[in-house]
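Pasting the structures in now, so scroll down.
Shared chain: chain A. Partners: chain B in the first complex, chain C in the second.
On to the complex of A and B.
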């Protein structure tokens, strides 16, 4: 593969040049069969602890042929006409020159050690927004501000609070996700293609933001069928927000439509991930679609090219058929992988199942007898835990524990953004490996990027390129001071404390057994077998890849958000403090003024005479 | 007193001071505990922040492109080679503290020589006024002041600013213009407020000159020297950190009081509680208020430049944005230089009590607020107010005392005539 990549690159370059030259004479340019396409699918999986994981995914493609290096919407006539692609998103991308956009709303904690890694790439509590912006005209700051404010209005969220004090520009994490696919040319080629385009990354997160119905409604409005038909008709907010974990995302990026990246398209992926606690009500682990969502799918979305419900069957280790899936999938159960990595999948194509019947689509899973305690253990490759140390409201410490469960060294990037009101002391940064403090940090921390915080204007960013030894526990500690805020800078519920966002670990992980997903957006495409050729290409590419380096996935692991309590002033005191301080200061000023302006004088013994003389003197002074 | 015994005494005092500090530095926990106390380390003098600055500087991160480091670049340069060795750092602190003690001793000697030429004040019973404290006593009072000790062990960098101030006074008394102005410039460079000491130091330099034109010439020359030294220091800083960011980070923080970490001053809680729209106004008023006294005090007390420098240091230590007990140790060290006024002071007992009261209660109330949560910010603020009132009464009282003594010197009780009946018990009022 590596040997062949320069050839591929040459080839694609040549084709691009050719197409640019001969755009009027249509010869070599492949014509898109469908300039716009919409795919929807629902993935369901019973988790090890009995919860049910559900993942809705709606993908809208808007095709374009781009001779240009970058995604130039205006030039390619892309944002002139909208059919399936939501106009509101298109206009945002166009007016703020957004190359890539990722917006995720999350509520609840993703339990890595119980559930493994999620299918959708983001799982940090709160709202996370990151975007690659075109920096041709050096207007990134204005565009980012406009983008956050517009999205804030669009999704009814407090995204406008992502201002300079929160926004960061990670140097190693959150790389471009667009313009390469699992089945297209390797990433290096597109980087070379696009090296001339100045792009800027902006990243911001709001850990305090609550996600609720008002965010879901505008999100549903972006779908071509809204929630009228297709799997989106299952989206009932009362049930979705009554879950252990809820995550809702919008990802926009440009992708390659063929192996050589001659045809590209803009891809909008909307996902909703929810983990239902099915056993909470009656103790039974059985579930059905109507039970989970209290809604039914009565018709498939006519605008969708594909519309599928996919069930990842639980992999019971010992005995077969401990459960029954009703109805049985028409095409039978097929399995991916083998041995430990085996995953059985049942696929229901709604476009084939629904027409012809008037009854809604039903799906249920029943356990025969009692559900086995542990289906198959999950050991996530990397688990991270971050917490505060110390007590009191004056200072504290931050500790991060990263456990590498793999039997090989893992390259990982750690990104931590701390708000300015925690003053980090980097000279107190220390590393422990398996409980022993390390003097030589170079083996472990290969690169370190640190941006100190500036009061009231930017956060502290700590980014570490790590090499985590196999089967190890790495612990970092760093101490900080808590800043005393002005009374207007406190939240209305000042004694609750301030939310401190999550840290993100990006790592290239070998594919593990029993995981739901593999982190990256590309993996989401695995279920979209859109065009046979593409899939074929992907498979062949993948096989080669497998031979070369084994299966790895770029994964982002999020730590929990933290709550820090800052020292509070007495909020009822402003007038008292102002008057008392000013009194003390004027006491000094008055006394010194007195001492400076007046002279000593001897008092005459008889008071009457002293008064007279005093008056006399005053008079004398006045007459002078 | 024989010269030998006095030098023996000096050796004993300084030796004990060194031994005491060395012994206290033997407990690193004590040093870090004191170094983290808000009364000792402020955002602009904290050794922890200095270490962070040196660390960032060593690792190529611009130290002033952040909100942690507010100390002058040359301090980073001073500590850059030695910060890895706690022993060297501690020795530097001890020696600097001793240098202040020594300079105070020398200043007293010069002052005594000046006073020897003056007309003695006659006191009650026709006796002559006794001479003030000896140099060694002044040095002892400084070196064994608990505030000085705490500030030194806490490794507050205010010590270097204090050293420059005392050096400026010493050089001023000695008549060495360039070194005096350079020292004032260093003090200004380190903590900005001492810039107003240029006036008393020029008064010292010109105190023996009777010619008006010559005085003017010297004044202009001194101002030039001061400006030149300051510019040179800034240029050197720029060479060191290769950016002008330090201006905003060092002097901007001092002037705008942007870091509202509590201290014993009056500003922090005021600006935490201040309404946003009035903050700039009060900021300007408070900062002007610190500088406003330099000129009138220097005019009124121009015969007593030593006392003027004490008073200005006390004003700085009370009203600046980030005062600490290191500032108190400076003006309490300068006060005995005017020891002859002590007997005219009326509120010494009250002031002593206020200082002791606030010193004891400040850590307790801080603990109650920040750690236990059974008190709130008002507790610590109240102690700050008490401390401030103590400082203010001290300043007012000492100013009163020196003016009273001045009055005694100029209009001694008459021994003949009608007013002689008033005698030594005459009443005096301010008119």
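On to the complex of A and C.
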């Protein structure tokens, strides 16, 4: 994997210093001009089932001179004077010494087999947060806690519930992405010493979290043009949340700007991904921008360096022109790849399209026939499925199926985080390959990390480095016990059950295997490079080698979230117990007390009166 | 039958014993139950809080030492030289007289005049270098001159020139200068420490309205709010302006509070309302009534996400072209505000910057940059506002012009507080902190006393006790003229008292009123209490009956005898 290459480690060490450097005084700091840039991009693609995929990507760069001499000054300036880069994010990065931050809010299920892979890397339902923190001062735990709480306040989400019982530290997944996309990296890096600075990964997810307008509003506030101009003016929460899939993310990382990585910049990528079900109302697969979003782009964001709308055209059957795109792109349609990998792209540069006219930017796609015939069925390289087995409220089991559709072996990392109230039995772990159980697991599972859960303090983590054989179906099973929770540990809606988060499979997949666009988050960057014809010239070293082998992309595949129902107690129990005990005690007391209060006398059977009580006796005496 | 009667008597005794013992258990058990089901309440030091509220534990004093230096050269020239000791005694005596005349028993600012070294009479290097670095110790240099004149230098020095060189006149001048310098401060602190409930509130609110609550550090945020990106604003040179103008202020203030500074640009920051239009002057204007709504808090990102320091915001608002120029005035035709800015008490300041787009386009290379020249007047306004917000009193404005001779106050560079102002601030902030922390503690004590169900944990008690100790420490430091230490101690006290007051355990989520307790124990108490009460009543009734029986027995003795005999026969 690329992340493990030593040069990358060196570089990320330098990045670390970027966020670590801090200075409280303002005197005698050389003022370096930090070039800032903002790019906005909207990718649209009709999917095979007629839905329309839309991906908004807003990238803010804040650059620094990375000479060792000027480094401190530049960094402290970076986090003091903000222009395009949002202050709230900058403050968070600075005060919690965050090197890299990835926060994703997702609602709905991403359907890999129908839709392929999304451009945004995270697709697990709920909230996912992971960050690389600087552990120089051994304050990672406090910083992580502060980070979750602050983000919780910033995005109006329950991120503060990511506590020790949820947080994990994956060993193989979620590697530092910072310089993953960068250009050639010289091995003789000038700041070797920085590589020893410890960094720590923290990962947490909340599968139960709902995403709504209150999370979108603060997200929009981070944009330089808000939703007042540019592509972001399409963001209308009513339409966005009425979709089949919605995902919203903030990624912060550090990237190199030149070949030798002397100039680096901090990159903030904000993405929104939504899958619109256009055929829901009238069965027609035609769509237009104003129909999808109920808003229009009247002006491009004046602060943006680039402002583009990109349409990935559908690949129709042999017959050409089954659809028409209105208006036709001014620069024509680009083609990428050939044969099965062919992708056609239409690009609209808003900065060129908009200024000439007073009318807003319109875009529509009309199908000639009633139902489009699509040529390429999407076969995603890796599909995973995870489900519970077993029945009852005491025992259960977990099964994971991973299908490799590639014609080659694939290296993948499987990460599963299970809450502590599911007690995994690792000895029951078994593997099946294409339905046959395997005795020698070594071929398949090359590495295995297992962290047993500790009650009420940490989750169980299972991480496997796998080598998936070509065209195979691998199935793991493991069984567990369900724990009887304490009365106060249940949610208010206890009978609904507990959400168990998704598992994540990270794999290096050959490019364009049922992917939308290419390159994930680096889509924009790669796209710009290709456009500039710089691809061949700039890429070298390891990446060149990879290109010979065929380009690969690091993909993360998310499984569905699961719902587990634990034994649920009767919540009125404490009151019942008190009442019951009190009643028993009082009954007992009453009878004993009454017994003691009464006189018992033997009444002679000869006596005329047959009354038994002492009082009756007295009365009898009186009457005599 | 005697056995019957005996056994009945024995039965009665046992029954009574049983009732008595059960009741004894109940009566003993009830307080125990009450005690064990009660919420935990640590005892607060109410007595010492009450004492402090009346300043009985320690009366804060603010000692000031003024060294008087008489010109030496004049002494040699003329024969009738005023004695320095006479002057010193005279000034002290006059000050006491002034106090008694004002009905003040004891001055809070205990000014002590000390005879200093004689000086040459010319402001030479020695004197400018010999400056007092101790807050609260000042030097007055007195020399004869043509006109009476006082000039208060920035470095804790005052130069007083007197017209006629005699003891009385010198005394008069010194007294007048001193009361001009310290008079208003004495009044302010007296108002602050006033424990009289009636007058306290009103005056305090008025005085402290603008000033931010004291904190050891503040976060200053300079924001450029651009109404629309189409007004061409992309960049501003605030960073450079901050370096140039704010640095002296921050350096001087560092003994009182520390500052962290940030700046940001927000584009597309529209107003929540449309400004009115004055067609005669082609200006858009905001009336003072509209100013409270100026800050669009919902849309403008002003809050800091991480900083725990109180933040002060300074906004530069560049209106969008359709609302430009934007001025502040009371109505159409009225004269507009000269600074085009306003202060928001305890929050920050706002300045509206109108850009003449045509002019900037013509004359400058980068019309999208707001230059240092553009920002300079804005920064001057912000500095004045910052002084107000920090509570730096401008001595020259507060001093009444009632003095018979001119008193000139020297200012330091870029509105930075002078040493006089700084000492003033140290004293006033200490006093404020003392009063605030005491107010917090006493309201906490009141709250705890009034809410019997409130849980008071041990650490609250600890915090309160420690806060009181810090207040005491601060008061001692004050009386020893250690102002910096006093401020630090008073700040500790304030922090601790507020930690105690805002402790999350004080507003518990699980708050059970006593009624709940009764309701839960109802199934036990009601069924038990019924037979208990009934048996008690019956026993009382029986006793009464027995007494009656005994009475009746006495009344009809013969009858009874016959009965007994009759029994015996049986």
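Convention: the second predicted complex is superposed on the first by the 485 of 624 C-alpha atoms of A that agree within 3 Å, B and C clash if a C-alpha of one lies under 4 Å from a C-alpha of the other, contacts with A are read in each partner's own complex, and residues count from 1 in each chain.
Here, a contact is a pair of C-beta atoms (placed from the backbone, for glycine too) under 8 Å apart; a residue touches a chain by one contact, two chains touch by 3 or more.
Only a predicted model underlies this, so the values are computations on that prediction, with no experimental measurement involved.
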item	value
Which superposed partner A:323 touches (first chain B, second chain C, both, neither)	neither
Contacts of A:585 with chain B and chain C, given as first, second, both or neither	both
Touched partner set for A:394, first chain B, second chain C, both or neither	first
Which superposed partner A:427 touches (first chain B, second chain C, both, neither)	first
First (chain B), second (chain C), both or neither touched by A:596	both
Chain B versus chain C as contact partner of A:241, first or second or both or neither	neither
Contacts of A:221 with chain B and chain C, given as first, second, both or neither	second
Chain B versus chain C as contact partner of A:161, first or second or both or neither	neither
Chain C-contacting residues of chain A that also contact chain B	578, 581, 585, 587, 589, 594, 596, 599, 614
Interface residues, chain A side, partner chain C - complex	24, 26-27, 31, 77, 80-84, 86-88, 91-92, 94-96, 146, 150, 153-154, 221, 224-226, 228-229, 301-303, 575, 578-579, 581-583, 585-587, 589-590, 593-594, 596-597, 599, 614
Sites on chain A touched by chain B in the complex	391-395, 420, 423-427, 450-456, 460, 481, 483-488, 567-570, 573-574, 577-578, 580-581, 584-585, 587-589, 591-592, 594-596, 598-603, 605, 614, 617
Chain C to chain A touching residues, read off their complex	8, 11, 14-15, 18-19, 22, 221, 229-230, 234-235, 238-240, 242-243, 246-247, 250, 258, 260-265, 267-268, 270, 299, 301, 304-307, 520-524, 526-528, 530-532, 535
Interface residues, chain B side, partner chain A - complex	36, 48-49, 51-52, 54-56, 59, 61, 65-68, 258-262, 266, 268-276, 286, 289, 293, 296-297, 300, 318-319, 369-371, 373, 376-378, 381, 385, 388-389, 392, 395-396, 399-400, 403-404, 407, 411, 419, 421-422, 426-431
